[in-house]
Amino acid sequence: MDLGDDHFHDECGVFGVFGAGEAGHYTYLGLHMLQHRGQEAAGIVTSDGKQLFAHRGLGLVQDVFDAAGLERLPGDRAIGHVRYSTSGESQIKNAQPLAVDYAHGSIALGHNGNLTNAVELRASLERDGSIFSTTSDTEVLVHLIARSKGRTTVDRVADALQQVRGAYSMVFLTKRELIAVRDPHGFRPLCLGAMNDGHLISSEPPSFDLVGGSFVRDVEPGEMIVCDESGLRSLRPFSEGGQHMCIFEYVYFARPDARLDGISVYDARKRMGVELARECPAEVDVVIPVPDSGTTAALGFAEAMSTPFELGLIRSHYVGRTFIEPQQSIRNFGVRLKLHPVRDLLEGKRVAVIDDSIVRGTTSRKIVQMIRDVGAREVHVRVSSPPTRWPCFYGIDTPSGGELIANRHGSTEDIGRFIAADSLGYLSVAALHRAVGGDGYCDACFSGDYPVAFEEPNQKKRQLGLVGV
Amino acid sequence: MDLGDDHFHDECGVFGVFGAGEAGHYTYLGLHMLQHRGQEAAGIVTSDGKQLFAHRGLGLVQDVFDAAGLERLPGDRAIGHVRYSTSGESQIKNAQPLAVDYAHGSIALGHNGNLTNAVELRASLERDGSIFSTTSDTEVLVHLIARSKGRTTVDRVADALQQVRGAYSMVFLTKRELIAVRDPHGFRPLCLGAMNDGHLISSEPPSFDLVGGSFVRDVEPGEMIVCDESGLRSLRPFSEGGQHMCIFEYVYFARPDARLDGISVYDARKRMGVELARECPAEVDVVIPVPDSGTTAALGFAEAMSTPFELGLIRSHYVGRTFIEPQQSIRNFGVRLKLHPVRDLLEGKRVAVIDDSIVRGTTSRKIVQMIRDVGAREVHVRVSSPPTRWPCFYGIDTPSGGELIANRHGSTEDIGRFIAADSLGYLSVAALHRAVGGDGYCDACFSGDYPVAFEEPNQKKRQLGLVGV
Amino acid sequence: MDLGDDHFHDECGVFGVFGAGEAGHYTYLGLHMLQHRGQEAAGIVTSDGKQLFAHRGLGLVQDVFDAAGLERLPGDRAIGHVRYSTSGESQIKNAQPLAVDYAHGSIALGHNGNLTNAVELRASLERDGSIFSTTSDTEVLVHLIARSKGRTTVDRVADALQQVRGAYSMVFLTKRELIAVRDPHGFRPLCLGAMNDGHLISSEPPSFDLVGGSFVRDVEPGEMIVCDESGLRSLRPFSEGGQHMCIFEYVYFARPDARLDGISVYDARKRMGVELARECPAEVDVVIPVPDSGTTAALGFAEAMSTPFELGLIRSHYVGRTFIEPQQSIRNFGVRLKLHPVRDLLEGKRVAVIDDSIVRGTTSRKIVQMIRDVGAREVHVRVSSPPTRWPCFYGIDTPSGGELIANRHGSTEDIGRFIAADSLGYLSVAALHRAVGGDGYCDACFSGDYPVAFEEPNQKKRQLGLVGV
Amino acid sequence: MDLGDDHFHDECGVFGVFGAGEAGHYTYLGLHMLQHRGQEAAGIVTSDGKQLFAHRGLGLVQDVFDAAGLERLPGDRAIGHVRYSTSGESQIKNAQPLAVDYAHGSIALGHNGNLTNAVELRASLERDGSIFSTTSDTEVLVHLIARSKGRTTVDRVADALQQVRGAYSMVFLTKRELIAVRDPHGFRPLCLGAMNDGHLISSEPPSFDLVGGSFVRDVEPGEMIVCDESGLRSLRPFSEGGQHMCIFEYVYFARPDARLDGISVYDARKRMGVELARECPAEVDVVIPVPDSGTTAALGFAEAMSTPFELGLIRSHYVGRTFIEPQQSIRNFGVRLKLHPVRDLLEGKRVAVIDDSIVRGTTSRKIVQMIRDVGAREVHVRVSSPPTRWPCFYGIDTPSGGELIANRHGSTEDIGRFIAADSLGYLSVAALHRAVGGDGYCDACFSGDYPVAFEEPNQKKRQLGLVGV
């Protein structure tokens, strides 16, 4: 059902604890704070110094783990993972952390990102007699580790990672060590925290607060952090990659209360709204967001336009996944379950609606209609990011090229007609970079400039549905 | 667990359909839009003109009903109910609609409100040989109907209602008739809607939109609406009561997108913020709401103060009821699961936090602390309603007098000290009335002026813990 | 699905505890031992001397109650109930014990049996303003108690029971008293047990052993046993009825390890087999039972025939209610899930199959076919009771007259042809009485001689489908 | 909880279908008939000729699969598995069939048995870089297949199996082939069936009947059966091993209605009873079995002793796994939940109780006590197999040597004293062989003669707790 959630989806979040009492429990709480990064599966692996304990399941963190389950995850070190996955693959076998035994004991790992040479590596490993139990790209890493001649776990993990390309913010756990790695491009975020004498790792800093810990610093691109009984050390086993943090984390994925690589997500989103007002102003009576993801940019937009900001769409807190539609179908059913317009605010008004992005366009079209239905005179849509024209190969679930409205409908005008808005405006790529600030970002989904090469010449084209062109 | 939901709770919402195809299914959707009025139990009774079909259960609407369950609720007329209840009474037997057989066939009813002479009536009925299966005040009505000598269902329902006092917005269903009644004071809202040739009844208008219907008008205090095969008629079987619509519906209970008795809830809340700025201004750098209930008033407050409005507290969409706390307890655990401050926004700032009400004060105290923890220089709390000093006897679940912080701690200063704010300001009762506009409200929870007398002299005092004073 | 369970079904079992520590828990165990008397719903009500606590649910005893649920049933007195009901009525609202409040406090009751004047009484009560929440005949009793002018609970219960007719073995619980009553005819069994200083009540004695108690004696027809703080006393508030214990309890309903009214069920069943051998001998190579209900009679039959007894049909221990049949349907699917023939035992043999009764005949037909399929030369069916031609009105669920094969197919020969047996033999009514021994039985389902009159002249005929004949 | 199930447990059952419409559904039914071989996990993998589909879960077959789940298992070929496992390992990851991808596509396998050189092979594979996801010995086979240089699936499977030792009745599935193999010793049973034009494989023949198929022949020790589009062929890729079918299958594991390797299990069990009467007669009034596993032997014993056979212990059909015991513990609680003695049959009698085996002795002790409690004068226990002194390494779960009562208590007299019987008699090993008939059995659990060598000299001793002796 279309519940008005027309977004790219981050594929995962990771969390790690070393040297803190109830590590499994803290990981459970940390994952709760990363729940927005993956709602389809969750898992935790802990170690008590002697062996690993694991539990994984499909669903939200609070559904996968109960009190009895947490008690079966003892130890003072742990890693955890939340996963988003496309519907066809929503299988328990793909839930992470993966945990296996090999010649040097047990090892578990959780991965946020996507390896761009996984198919190639998998074929090669299979030729050498490896078996695969999942359809996930992450599994090749376990084989590379197991086949490495490295003397220590750190050597073997570094050895394996030197063979893969693409995006990976990862946590590894053996019975004695916690290892956290961020790929040389730093595609996905990864942070280091502290808690009493222990160390924390997380995709985003706000998760440190819930467990009573605090943010220390971002893990740097290409950095490997190793925690064991002798303390914490930082290694740099990779050649430089050039920083390419995903700019979409600032647009939509990350929590607004997070600061990533030194930049406040909240501030960046507000500046996107300001830039948007500069590039695509709208003469309106009221500015409203599509809640909650468009709210911060809408505040910036309204402020820059000196136009009143109002919450013109009310979001339900009770929308689960299993609503039943009557036989005589209701117009815009899914979106209506989640969003409802405030008639008294919108009737007779010229309205600017701010959203963070448009992927397929169907939800935007329904929202525009819903606002007109309560009597808005004009509906102007403003999007706080550029048109999303290219799929992501670095850990974001994007629909195939043909489904992207910005790919199908060439121009902004065409898209505006499709969603039936009185006007439509996107932020430019340059303005987005200005709004976020700093440099070294991956903006491939907007620009098509992919910082990491593909496995084979035609893969990119094939995935975009362009082979033969 | 304290999840930061320190509010009075509306005890119920009701919905009704007459003459529209899949009435059970439409009621299911209507109840979803009233879910905020009761999350502990839900029920639907339908009629196909020949007999009644019922299903009730504990939990949210989407959990109580599945596709197979809705198919077992055939017919083109239906009533539904969502219920909030204090924890001790969260039993399936108290779920509504009640449905019974009596001499004249089957009748079902759903009640939003509270009868103030229920104890007295129940004792009298028991003396005459009646049995009671629930602990709900609503059950006395069924007995009064069954014992009435009235010739028609309408006569018997009117006869029964003439014997009760207090608050009731109710829906009744027999196999042929739908009856909706609002008590003479009009304590709780009730609205009439239309859908094709059919009629709709609901506690709040936005639920009409989801099923594709439209708002017609409010049911008036003292009005009884009867729908049967001969059409819809309006009766006035009660003596005048003087209108006393619950003013707290505008403060917190109702949806912001609702218009009740001609007044937009959104507008009223924004004006509360404006009035609050006049009465209790705060020299601050930023105004933030406690989301979502304080958001609209905060917009008004910020506007009136010409101070930036920001979303300084991020609310989680994933908080269920069963979070497990670690043994080594975490400070402000429950509130943190639900709310997280945006450090980059609040650090070093003077902050005004706007909430709609303070009941026990413990949550406010945790929120103030949480904001200080991220470095706010000053934290000023502003409440868009007066201190809640008195329990409600008209359908709102209020803690006993002793738990109400405004009852325990005499002055605003004392409360401010308890929640550890740099300053605390409440809206005055007069300003609240100004903000809502119009007249004829019950504000007993703020003022102690109860429009309907109690069953016995000491009841009020006893409930307030004041007997002996 | 037809799982080969073509039987009449006892509608209920009851259990009671007075003055024994964990009374709710003991009742849970007692009900487990009565599970064969009702698998569709179970309930327990306890008292701690101050108030009643109740829990009811659909399903087996072990599914309805968990550890946390049992802890919410405190007190040293309790009653419990297991219920069988026809599919259409398998609703939670009909689960027992019923528990209500009335003028003199709370009362709960559990009923095994059926009241033959319930419709009449219900109509009269409704005329006087009573409401009914269930479709069960038991609910009239609660109203009669509530309307009684009796001074004590015992007076009111006796007063109410004097107005009903039919079959009732019942347990009542108030906060201070446990009352057990068996109707003057003694249709259904009821026993008294002891446990330390406490008293036990049960439909069948083996349930006493599981809780560590012991059998004291049968409750006599027309006896009312009252347990309160002053001890146990026996009353006889009813006029004599003439004993009419249900003879089918000995044929099938009761546990084989029970002794009811002084007669061992196991012994009676074995004697039925012996009598059957006398009346309908079969020249065969092997005697096999339909397990488990035909096993004891088959032992008697084989012994009397001096023919080897073998377990030629293996019964699965893993058959639940939800088996899914493939699209390409399998012959005798349901019966095969539960029973499987031992080919090596039956191939080439003349086989006598002993069953306790035949209701619809469809299962017997499948069993005969299944035995032929593995190569039996002849299949002779012997039934250890007479043809069941008449419905029961005293607490047994019997199909309507038209479904009873002995009603539709007049003669034993016709039935034998329907089930495709080489021969078919039933026990005669006289021989059944001889086998059980003693006298004073109800055998209405075999003979049509109903010891208690019906509410109105034509009811019996109508229920039998004979009106107009 | 001790539910009176003091038995060795078979570790698994396997089923396979090739070329029959709803293969997944037929496998579901076939597994139901093998449920006694494993109740802790179940799984099915199907193929539609293009890819494999898998579902596994913990619990009974009927709980693991629902209608929707079966629809997601399309195709006309399938394999299935039921699993028993010791409690500590009851994890979803060990459920079978295992299914992996490797260089030549996908392969799934289900295993009944135990590999005696798995630890050795696993260590060697790990040294070569293999990873392991389960703790099951079966996983080594997948690696051996993946690393084989064989050209075809058949070559690779044969190559892998030539490297393992021990017990294996297995089914393999690729998208195009079904392969079934029984180890050269034939430790565990395996049968071939037919159904229309399709082929069936099962651990025991009765499962063929439920799906409408028929028994063709036993798979021979050392035989590999391959089904693909060109038909069925039989291969013999292994060197001869000498037949060593598990004799305990006839004593307890197999269904009584099964015929394995040409011998009827029912007949064999009856002959065990006859031999037992010859070797250990008992002068008693009545012979009763411990149901259901002792029943067939008890029939033989009673017949040979010319003593009446009776069902003196009634077994409950409603015992699940989650019964809650009251705080004030009940004597023999677990056994009582499942078995209840028929007092009227046993009181004052000399009783012979026939069981198929005694493992720990605690259940037997409780049963003897329970029979005495209802007044038996003497209780003589007779066991239709020899004392179980040695653990099994070929696919049966046996407690460690120290828990085996026949290991701890040297003599039959000592064991008799422990279980407090008036006398105790076991069948001799020679008589057991006579009863089963034929030759070529493994009787290691009775005799200690293990037909397949162990991985290292001391393993056997260590597992028996004898190292150092």
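Letters A, B, C and D mark the chains in the order given here, with residues in each chain numbered from 1 onward.
The rule is short, and it goes like this: contacts are C-beta pairs under 8 Å (C-beta built on N, C-alpha and C of every residue); 3 or more make two chains touch, one makes a residue touch a chain.
No experiment lies behind these values; they were computed from the predicted model shown.
S.K.: Which chains sit in contact with both members of the pair chain A and chain D?
M.R.: Chains that touch both chain A and chain D, as defined above, do not exist here.
S.K.: Return the distance between the CA-based centres of chain B and chain C, expressed in whole Å.
M.R.: 48
S.K.: Could you grab the centroid distance between chain B and chain D? Build each centroid from C-alpha atoms only and quote it in angstrom.
M.R.: 61
S.K.: Just curious, how far off is chain B from chain A if you go by their C-alpha centres, in Å?
M.R.: Result: the chain centres lie 37 Å from each other.
S.K.: Out of chain C, which residues touch more than one other chain, so two or more?
M.R.: If we look for residues of chain C contacting two or more partner chains, we find none.
S.K.: What kind of graph do the touching chains make: line, ring, star, complete, other?
M.R.: The chain contacts form a single closed ring, each chain touching exactly two others.
S.K.: Please give the residue numbers of chain D that touch chain C in the complex, ascending.
M.R.: Within the complex, chain D contacts chain C at residues 21-22, 25-26, 28-29, 32-33, 35-36, 39, 60-63, 65-67, 70, 206, 209-212, 255-257, 259, 264, 266-267, 292, 295-296, 299, 303, 308-311, 314, 316-318, 320, 322-324, 326-328, 330-331, 336-337, 340-345.
S.K.: Inside the complex, what are the residues of chain A that reach chain D?
M.R.: 92, 99-103, 126-127, 129-133, 142-143, 146-147
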